[in-house]
Amino acid sequence: MYLDELSMSEFRKKVKRKNLVAILPIGAVEAHGPHIPLCTDSIQPEYIAEKIAKKLNAIIAPPIRYGNCQSTKNYPGTISIQPDTLRAVVRDILTELVRNGVKNIVVLSGHAGSVHMAALRQAARDVVDVHDVKLMVLSDYDIAYELRGREVPGDDGHAGTIETSRVMAIKPSLVKNRGRKGAVHIPKFRVLRNPEKYWENATDGDPRKASASLGRRVNDYIVLKLAAYIREMLAQPG
Amino acid sequence: MYLDELSMSEFRKKVKRKNLVAILPIGAVEAHGPHIPLCTDSIQPEYIAEKIAKKLNAIIAPPIRYGNCQSTKNYPGTISIQPDTLRAVVRDILTELVRNGVKNIVVLSGHAGSVHMAALRQAARDVVDVHDVKLMVLSDYDIAYELRGREVPGDDGHAGTIETSRVMAIKPSLVKNRGRKGAVHIPKFRVLRNPEKYWENATDGDPRKASASLGRRVNDYIVLKLAAYIREMLAQPG
Amino acid sequence: MYLDELSMSEFRKKVKRKNLVAILPIGAVEAHGPHIPLCTDSIQPEYIAEKIAKKLNAIIAPPIRYGNCQSTKNYPGTISIQPDTLRAVVRDILTELVRNGVKNIVVLSGHAGSVHMAALRQAARDVVDVHDVKLMVLSDYDIAYELRGREVPGDDGHAGTIETSRVMAIKPSLVKNRGRKGAVHIPKFRVLRNPEKYWENATDGDPRKASASLGRRVNDYIVLKLAAYIREMLAQPG
Amino acid sequence: MYLDELSMSEFRKKVKRKNLVAILPIGAVEAHGPHIPLCTDSIQPEYIAEKIAKKLNAIIAPPIRYGNCQSTKNYPGTISIQPDTLRAVVRDILTELVRNGVKNIVVLSGHAGSVHMAALRQAARDVVDVHDVKLMVLSDYDIAYELRGREVPGDDGHAGTIETSRVMAIKPSLVKNRGRKGAVHIPKFRVLRNPEKYWENATDGDPRKASASLGRRVNDYIVLKLAAYIREMLAQPG
Amino acid sequence: MYLDELSMSEFRKKVKRKNLVAILPIGAVEAHGPHIPLCTDSIQPEYIAEKIAKKLNAIIAPPIRYGNCQSTKNYPGTISIQPDTLRAVVRDILTELVRNGVKNIVVLSGHAGSVHMAALRQAARDVVDVHDVKLMVLSDYDIAYELRGREVPGDDGHAGTIETSRVMAIKPSLVKNRGRKGAVHIPKFRVLRNPEKYWENATDGDPRKASASLGRRVNDYIVLKLAAYIREMLAQPG
Amino acid sequence: MYLDELSMSEFRKKVKRKNLVAILPIGAVEAHGPHIPLCTDSIQPEYIAEKIAKKLNAIIAPPIRYGNCQSTKNYPGTISIQPDTLRAVVRDILTELVRNGVKNIVVLSGHAGSVHMAALRQAARDVVDVHDVKLMVLSDYDIAYELRGREVPGDDGHAGTIETSRVMAIKPSLVKNRGRKGAVHIPKFRVLRNPEKYWENATDGDPRKASASLGRRVNDYIVLKLAAYIREMLAQPG
């Protein structure tokens, strides 16, 4: 399942399998309030990748546990890499996967910031325009947030009910405490040097409403939907 | 109103005015179906900029009429510049405006693609992190699409009812014909070499439902909201 | 005539015309003394482009109204972009014009600084070395200054008699006053942090001798000569 | 111990501890013969980092499991990132650790290629020249190879006796088989497009002589020496 | 006289001398017809630098014998480096000279192509905008060509009468034969992939009219004028 | 022998010779103690290149007399260029040699720093991966230091016995005095802002034991070995 636990000989065989999918999980080291860990955006896509890999017999490339953070950039614990750096590292990895014969790749990010996601999409664009490969780029929150407005408030966000629930379901030992309700008050459309002034606690939503069972339902939903999207990709002509 | 119609002496005076706002309109040369022109994304923010400039006594920097296009990149007429190029040109301009003493700048884009917008936000980030300036980056569609689901379908998009209406209101002579209903069928999350295969006519929505009066209402709404956001920015401490 | 006023369908047809020429006007936002506007270097090549477009049935790509300024870089109102930025934006546009099937392109700059012009030439070099296209790069002042030493002094320069006359001919409403005689006293071959110390008023020549009729004669001369150069290009084998 | 398992609040406290050391493990995805896994260069420094962290109460930043590979670059399973990419990602991480208040950092690579190590050193140089931080950059093989010529042949290398032994000691389940003796025959000083032509099996040395007990002795030796070097660094004035 | 023939101790002393000038000669490896060598553009500024160094007690930094060539780029023997490379190498050297305490620097190029010279000027701009140093950038042909129209035809150029004469005066053993008259017929303003098609023999002017005595007069003229410019620079306030 | 002393016509002929080898000498401007000159790393490979050129009928490209220096970077007289700059200039030159038809190239550096050598190897990698050419990259110290532990101490280094001896053999007039014994005390694996604090006199070894005759023996040894390596390269299939 883990690409780099194979030997070169095992990998050479594996890669010949028809419809082999490789998943590249992308995380972040980012402040997520006082209640959940800096690796919150890393463990979520890694968990989903494992589930998908079991379901679809996919392989998982070593995760990148760093991403680009904008609004939390000045919080303690955030370790943000430049968008250009993120793009370069993902482009290099995708290029090498293609050189090795991988034909279907999913870049799955736990972090969902718009500049971060654009860097991932650009990396994919760099590769797909010159190589013959099928590529998918998404954050698992592109799927998870479809559930907002049902069991959770429509404005639930970063380190809120859903995210806290998912961490409770995936790695409960890393949940520190119940957290505090919070909301982003960054003025619309502003690009700020100190966005944290408008956002206390790096929490957007109410983590106190989180539960492991909700987290499991969200995770299951993501796995179900993502597996379906990947199967569609495999079925599409190009 | 137009920054570059001033002489150096006039500009020096102008820039000392308290709360002076400069607007930098960003457009695109992009296929917008058979019915509206390639400059569709340029004329909309330029129009809004004029209205805002009159309302707030702002100045307008020369527009950039090129942007980064992803899904229409292979259509005839699209002239897309790289995200890095867009970022560089906007960063250079913002830097120079700041050097000249401008303290409040709005980057207003007609095009709203996510990679394009990320490039604009990165340019702003590059500047705001090292200079003392208030910056706002948005697409006028960030505001316009709040109206979706009211008079127009919730999934109206590129070259659809709203966009066609706005062109009818702003520059009717450039509306070629009534257009055709269309929809984007690009599979979710895919980054494709030939996205146009999944998107006929470069139209997403129904341009045949467009009207100049709807266009005027949308434009008025954008001006109203944007003027309010700018006034808030002027009132904020930093 | 204006490329981006066409729809994608109109553009697709237009581009098939034999010997179609596209003109890309490059301007600047640059201090030109107290008497003529910051857009002086923009409106001149845009005016020439229109005349050429009518004469040769050419199309005009959206102008870039920013350039790289060296000696006026610290004057109020100058908004200079980096040479690398200018090169990138022009390279991207030329590349996309070529992708669209355009075979003959004229990059026409109103600003004539040597670093600025080198950036334009490098952009053209980047494209011509890998694509099949005929390219011409010039400043209209490469032609206009052939007239120095005839009706105007041999050392007439930036914002001087010729340039002021051309603005009077093209857009008289933007001429602010009669200006003042000036001369560049930058020591030979020096690259200075503060060149403006050696150059009062950003004027090199005598604007008080300018006239709209001289401006018209200069403009006509440029159109005549440039049209001839373009026709030669069309006739050349490669 | 793991930096990103902390919450932002825990991290803020932790970072204030006097003489806190952060370790950044760097690995690779690289062919290591038919007998040991592609992650061989990742699990070694991660193991050492854990031991050091326990010994010195250090924290471990999320590992980068990608490096630059030269001589194995065309083997199946190698996923090499560009030296510039590696430098950028390490520079960004170091910069952010410094921003967060970390004062002592060890970049510990399992891969020891000269271009790869130069990229790490340049990243450290980029940071140390502008920030106040103590930095150490090494491969654990800089220490491990001191043991060559004692229990193992002096020319033991990539995927040979020492490396196989260490994998046996650290993660025996990933050892696939006994491997084959091999040697690099790349002509001296040549930079080759296809170095694998001169190097069968991506093995340099004799893995059949490997043992878990040798691996443990090597690992213990590295931990002992590296802990001493780090303590010296903490004691040095700058 | 030669900077790098000093030891570090000698250099430390030398650099403290008031009004010390360092000269950085820039050459090229470029086709200069069948009659003069590829190093023609290198030996000329190196010769001038020696004369100036003797006259003004200046030091000479190791020459760069590579430049950027445009119109001769496809001729045998031309070894052209990219403008960005040239800019980087000159910027790095200037930066280091400044770090070492040098306060007055002359970048003296034998090659005079416009893109090449722009790269040198940008390098100087990069340095002068952030460091306290007086910089001069020129080609010795900026001075030599003032003599055109006197003893030699007004259109004498590359490898023509003046250049051949100068090589005869500086290093007669490298003059191969009398050469052939030639002229550049590159159409005006064109940027061409194969400019050599419009320029036979890489000669522009009549080398058969060259003489060592003319070469000596030209060289003397350059030394006289350049020494004067440098003395003016030393006398200027900044 | 010197590539750039040929005319374009002579070069065109020369390059057709079977098994023609071009040597590109790379030097440095670097502090080498009080006793030997800043050009120490330049004159050594240039001397070896001449000897090799005579032996193998090779041609010598104009030397680059600048390199990247790390541990001596703050000493007076060191003029270090960035690794990226070094890589770019070498890549450009190699690319142009290949364009000209040269099929065998030796990049021979006098300086042997690891970051410097990695830059040279990357330049070679850039070229060999896309062009058909045989490349060799080395420092002459890769060979010279094989002699350590015989006539000279095993830890002889920068500006020590061997290096001083070689300068005495090559250009005795540039030897200033007998120098002083010294040793590098930079703590292991540290990347330091001020490495000179741990290294007095920029000397590593004992220059007082140097002799011209030892220098000649070392030089002869290098020439012998390097000529053999080059002949092997010519004999190899690719």
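Order of writing sets the labels: A, B, C, D, E and F. Residues in every chain begin at 1.
The criterion applied here is as follows: a residue touches a chain if its C-beta (ideal position, glycine included) is under 8 Å from a C-beta of that chain, and two chains touch if they have at least 3 such contacts.
Because the structure is a prediction, the values reported are computed rather than measured.
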Hey, how far apart are chain A and chain F in touch steps, shortest way? 2
Winner on C-beta contact pairs when A-B is weighed against E-F: E-F
Counting a repeat as over half of the contact pairs in common, which of A-D, B-C or A-B repeats D-F? A-B
Chain A to chain E, mean C-alpha position gap in Å, rounds to 55
Between chain B and chain D, what distance separates the C-alpha centroids? Give it in angstrom. 48
Centre distance in Å when chain C and chain E are each reduced to the mean of their C-alpha atoms: 29
Return the residues of chain D touching two or more other chains; collapse runs of consecutive numbers into ranges. 84
Take chain B as the starting point, go toward chain C, and spell out the full loop of chains. B, C, E, F, D, A
Residue ranges of chain C in contact with chain E within the complex: 70, 83-84, 114-115, 117-119, 121-122, 124-125, 128-129, 134-138, 142, 187-194, 197, 229, 232-233, 236, 238
For the complex, which residues does chain C have touching chain B? 2-12, 15, 27, 29, 31-39, 42, 61-66, 75-82, 84-85, 88-89, 92-93, 96-97, 100, 174, 176, 202
